[in-house]
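A quick write-up on the structure given underneath.
Note that the chains take the letters A, B, C and D in the order they are written out, and that residue 1 is the start of every chain.
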Amino acid sequence: MAGSSFGDAFTITTFGESHGDAVGVIVDGVTPGVDIDEAYIQIQMDRRKPGQSSVTSPRKEYDIVHILSGVYEGKTTGTPLFMMMHNHDMRSEAYTDIQHSFRPGHADYTYLKKYGIRDHRGSGRASGRETAGRVAAGAVARKLLERRGVSIAAYTLEIGGIRCDTFDEQEIERNAVRACDPLAAVAMVQRIEALAAAGNSCGGIVECRIRGVAAGIGEPVFDKIDAELAKAMLSIGAIKGIEFGAGFDAARMLGSEHNDQMDAAGFLTNHSGGIIGGISTGEEIIFRVAVKPTSSISLPQQTVRVDGEAQSISTVGRHDPCICPRIVPVVEAMACLVLEDQFKRQAALHDQ
Amino acid sequence: MAGSSFGDAFTITTFGESHGDAVGVIVDGVTPGVDIDEAYIQIQMDRRKPGQSSVTSPRKEYDIVHILSGVYEGKTTGTPLFMMMHNHDMRSEAYTDIQHSFRPGHADYTYLKKYGIRDHRGSGRASGRETAGRVAAGAVARKLLERRGVSIAAYTLEIGGIRCDTFDEQEIERNAVRACDPLAAVAMVQRIEALAAAGNSCGGIVECRIRGVAAGIGEPVFDKIDAELAKAMLSIGAIKGIEFGAGFDAARMLGSEHNDQMDAAGFLTNHSGGIIGGISTGEEIIFRVAVKPTSSISLPQQTVRVDGEAQSISTVGRHDPCICPRIVPVVEAMACLVLEDQFKRQAALHDQ
Amino acid sequence: MAGSSFGDAFTITTFGESHGDAVGVIVDGVTPGVDIDEAYIQIQMDRRKPGQSSVTSPRKEYDIVHILSGVYEGKTTGTPLFMMMHNHDMRSEAYTDIQHSFRPGHADYTYLKKYGIRDHRGSGRASGRETAGRVAAGAVARKLLERRGVSIAAYTLEIGGIRCDTFDEQEIERNAVRACDPLAAVAMVQRIEALAAAGNSCGGIVECRIRGVAAGIGEPVFDKIDAELAKAMLSIGAIKGIEFGAGFDAARMLGSEHNDQMDAAGFLTNHSGGIIGGISTGEEIIFRVAVKPTSSISLPQQTVRVDGEAQSISTVGRHDPCICPRIVPVVEAMACLVLEDQFKRQAALHDQ
Amino acid sequence: MAGSSFGDAFTITTFGESHGDAVGVIVDGVTPGVDIDEAYIQIQMDRRKPGQSSVTSPRKEYDIVHILSGVYEGKTTGTPLFMMMHNHDMRSEAYTDIQHSFRPGHADYTYLKKYGIRDHRGSGRASGRETAGRVAAGAVARKLLERRGVSIAAYTLEIGGIRCDTFDEQEIERNAVRACDPLAAVAMVQRIEALAAAGNSCGGIVECRIRGVAAGIGEPVFDKIDAELAKAMLSIGAIKGIEFGAGFDAARMLGSEHNDQMDAAGFLTNHSGGIIGGISTGEEIIFRVAVKPTSSISLPQQTVRVDGEAQSISTVGRHDPCICPRIVPVVEAMACLVLEDQFKRQAALHDQ
């Protein structure tokens, strides 16, 4: 396949460019008879959309989700669920000046090399806007996971070198950066605003916790839960790394330190991050992703034109100085898609 | 699918347990008319097999590869290439005492929870032995990539906290730990031997560099090169994390620092690790994986029996005190599989 | 997957119910840089839409195709091509009386048994309306095939027992039943009109010829060209059988009669239908499909209500007394999808 | 994929050429904890193997199946089940004289055109021998279907123009041609023997009945049960057509005749062949396939050499004058694979 579909038993296929008419997704394999409405999906769409706060892009996209098939009288029918969000605030003219240049950090150069043609307006298909369809589909998966007693929560752990010292899940949606530590959140916002004022951007680390997954879920070998989660996360443009449980710290631990020992009450530790051999241990599944600083900055940078001529460029437009706050719901959505898919595959394996 | 196949245009399907009769792989989608023989495949098998040095498991597996189909008179026919390695040094009795217990860090518990049944001998399907088939298939992909001018080299960057200070590709195969720094290699070997003597184990970091991939290779959105590489690497049992280019350090960089600027001669830096928007930039593709310490240690650990009763366990048997040296060829093999698959998908996209 | 996607290297995913807001399709894997516009797609949409003649359903669906992504400035970008057709003439109330009954020959009963819920309006997802997305996608494949010098033409060979005696490709689009014999066409129209007046319906046979496919195209074993074409055709609701070349007559031929012998100029016959071992021979690919009589008839029939109570039913509504004329473009579309997919897979296999 | 895998939730991948070392199959997605042994698989292998009677090829292939993984202590483990059959009676020298020629009716020409290289010995991968792996895998699916109360039986309905007048399932395995009518069987054997003596061959029709499938099984749209069965059957080399229920006769029926009406007791007829809208109706699933006459005949035929020079050829070797008796277990095996896959996909859809 050409890469716009994800999932095996629970599958999504997305379409749409940043400055096209719309973006959307077809979700196939949805359990029939489940209550789903646009309001439920919209909750997640609103968490991803721009213009939420002082630290996100001021671009005005309402991201109103429309369900055009697969739901009848408020219930899923088991047939493909199609959702679409129209694009509104497209100022393509703002991109005409970079039509013939490659913006540093953007996929302008690689897309042109791959396709020999590109829709330069707002990054086209490479735009973060493509993730709107993922979030809508993820909300459907989230609904199914709720029925299984599974909950998924991502949050900002670190931004611009400022790391959370405490973990309070209640605080996450209460601050603009979706951090789990309210004090760190204040410092993060100040850091982002200062960088934005300076025409710069910063990155961070997002952590995700998945609870309620009983032991025994996950395909072995190539489609391990951690393997699928890793693919899902690295398929998000700004993410450059992922680690599970102790992650890279495990490289400096001894076997006697890293092994999660057990007693009659269960595991004594969770260095594995809730996954061993690609299968859930029943402990909390926990992973962290590295988010690169936003590529679009207004500071002058060296680049070349499509014709090869060197030039200096300053990316104008309305961008996020740090994408962590808005990537949180995307991380959750992709995690929901992976988990629901794994549950359904488990059901297929054991069915008879 | 149930997770034993990998790849889209270039596909492999593996089978086999640690203590079964054999392990093997079917490779489908192989370019016809290519010179392939068992000797070429065996070179990679020998790099993965146990018993290579003082720091690897003494288990004697010759891992002699047999090509049973898909090659005729020394050339690939384009039909499925089947390769099999018989298991030899199976001391299943060594596992009878742990038949009713869960070894800490092993997939004993999760496999039983998933399947309701398990082949406890030598970890069964969860054994690193399953990677033998991957390495054989990866060698076939490597041969095709050589024709494309692509080279792939992985090596140990860090073991037990000892990190390489220099990078000398020629040194990699000259030392027992496959490190890129001969001095660090000496210290690593001493560290491993000391831990082995103490019945303990350690982890490390393996780095991989892919050269010769022109700009424009890689599916966008879900099947980005980095997404597929991340899945491929996390599908290797001992790997707990992956990062591309600047990786987790990118989380603490500014946009002005991380963006790879360009001039007429090309990119000035490679913080992206050779991949932007999931597509190759033409620069070296570089990534690192976190390898956990080997789970099998002889130090006593707390665990429970299958019947739930707590007990102390010491994993006897012949194990690797650090798996990094033997995981290097597996990392390369999986990277070869991902790259060849992406090249073939690119050909399909552009064909007409 | 849940069955709404088709193809491997060239993939389509459809959505939409008969009486939902819209039907549509995402086409992934489209060669970039190809001229495509809505007018070109509309030509095929118009051949499929109802209300074309006295022998098709009077339902008024304009089936205006809208391309919402994947095309920029008149050329394909290589990213997913999304096309949508809004539903207009929905008289759902006409279906309220059959909301609690199973119409004979329709999928009302099987859908309810499978999903436990159904959108009864106009057959929902089981409606022939779902094929609108296939025809739009098929037109894209047709454009790519034209560049390869491949042409695909289907036509009505037989309706209600009346069979074409001659084959004149120019006549196909000149008569209301898309028959290859103008005289037979007149008799077919009379037969259909008489049956329609009597509240009955009839079936027929549609034949398809694919020209310009050089020898050597087609995956072997499970994905043979004929296997994929058979799946594609049987996936069309009204089709109950398919045969290639001599087809069922081959069952009564001798090897000496059926084998296609060759001389220096090529094959002497084409009993194989242009496919041997699942791979094209270079001869014309030819197959025939059996089309069942339309299930919707106004004559009273026995059926049961959802509650199990027996009743008599007369299917009111606006239906096609014979679907052959409108199934012709659907057969062509599916054939185009299979062929383009096979060409792209061939390119992937041989690429290096 | 390159076409050597089949199935979605229950997947098989085959390898092997006629005159290679072995043929085999990996079955992935097998329900764990199911009793499976080689003896059970061998029953089906013996029905497919050559040398069973006076009307089958005298080639001596014992087709002894070996299970090398996926079964532990007599039970499936849920991991890939690998089965292999070694090739024994290979008289490759018998093929040296046709190394440079294309045998009429065989895939010699198309394989060379596709791959640019071919293993000419015994048709290589295009040989019916490849179906040995399918039959072994089908036996595993059959075991799972037995647990569901599903039974599948195929038989010869017609050979060389001689058609069965009666249907006695008990007779099928009692006669050499696997016909459902003992009297017709006698005539069929005589017909085949006469043709064999004359160096010729004949085709026939095989019918298959699937019982015990409740209403509601089958994916809609592209992966309908009949679509998957059609693909499965046409993927068998000698099969040139398939029809369900009334099949091609439906083309000449009226809607009032073809529609399966219902009363409180269920369906009054089964013209649909047990499938409507791609989903099972609960009635018997019934289909027929057209089997072409065996391509290998000793009568002289015209062909060309690889160098293009015309010549006369007589295919020597040990062949089946009619493949129907041996294709029966292959048809059953493929039907088993399709059904088990559809059941597992249904489980995934409805899970939770």
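In this text, a contact is a pair of C-beta atoms (placed from the backbone, for glycine too) under 8 Å apart; a residue touches a chain by one contact, two chains touch by 3 or more.
In this text, all values refer to a predicted model and were calculated from it rather than measured experimentally.
Undergrad: Look at the interfaces C-D and B-C and say which one is made up of more C-beta pairs in contact.
TA: C-D is joined by more C-beta pairs in contact.
Undergrad: What's the farthest chain from subunit A if centres are computed as the mean of the Cα atoms?
TA: It is D.
Undergrad: Could you work out how far the Cα centre of subunit A sits from that of subunit C, in whole Å?
TA: 39
Undergrad: What's the distance between the Cα centroids of subunit C and subunit D, rounded to whole Å?
TA: Averaging C-alpha atoms per chain gives centres 26 Å apart.
Undergrad: Quick one: report the Å distance separating subunit B from subunit C, using the average Cα coordinate of each chain.
TA: 46
Undergrad: Residues touching two or more other chains, restricted to subunit A: which are they?
TA: If we look for residues of subunit A contacting two or more partner chains, we find 1-5, 8-9, 14, 29, 32, 78-79, 114-115, 125, 220, 345-346, 349.
Undergrad: Hey, which residues of subunit B end up touching subunit D in the complex?
TA: It comes out as residues 1-5, 8-9, 11, 13-17, 20-24, 26, 28-30, 32-33, 66, 68-70, 72, 75, 77-82, 114-119, 124-125.
Undergrad: List the residues on subunit A that touch subunit D in their complex, please.
TA: That would be residues 9-10, 29, 31-32, 78-79, 144, 147-148, 220, 343-352 of subunit A.
Undergrad: Applying the document's contact rule, which stretches of subunit A touch subunit B when the two form their complex?
TA: Residues 1-6, 8, 14, 102, 104-107, 109-111, 113-115, 125-126, 130, 158, 160-161, 195, 200-205, 214-224, 226-235, 237, 240-248, 250-264, 268, 272-273, 276-282, 290-297, 299, 301-304, 308-310, 345-346, 349 of subunit A touch subunit B in their complex.
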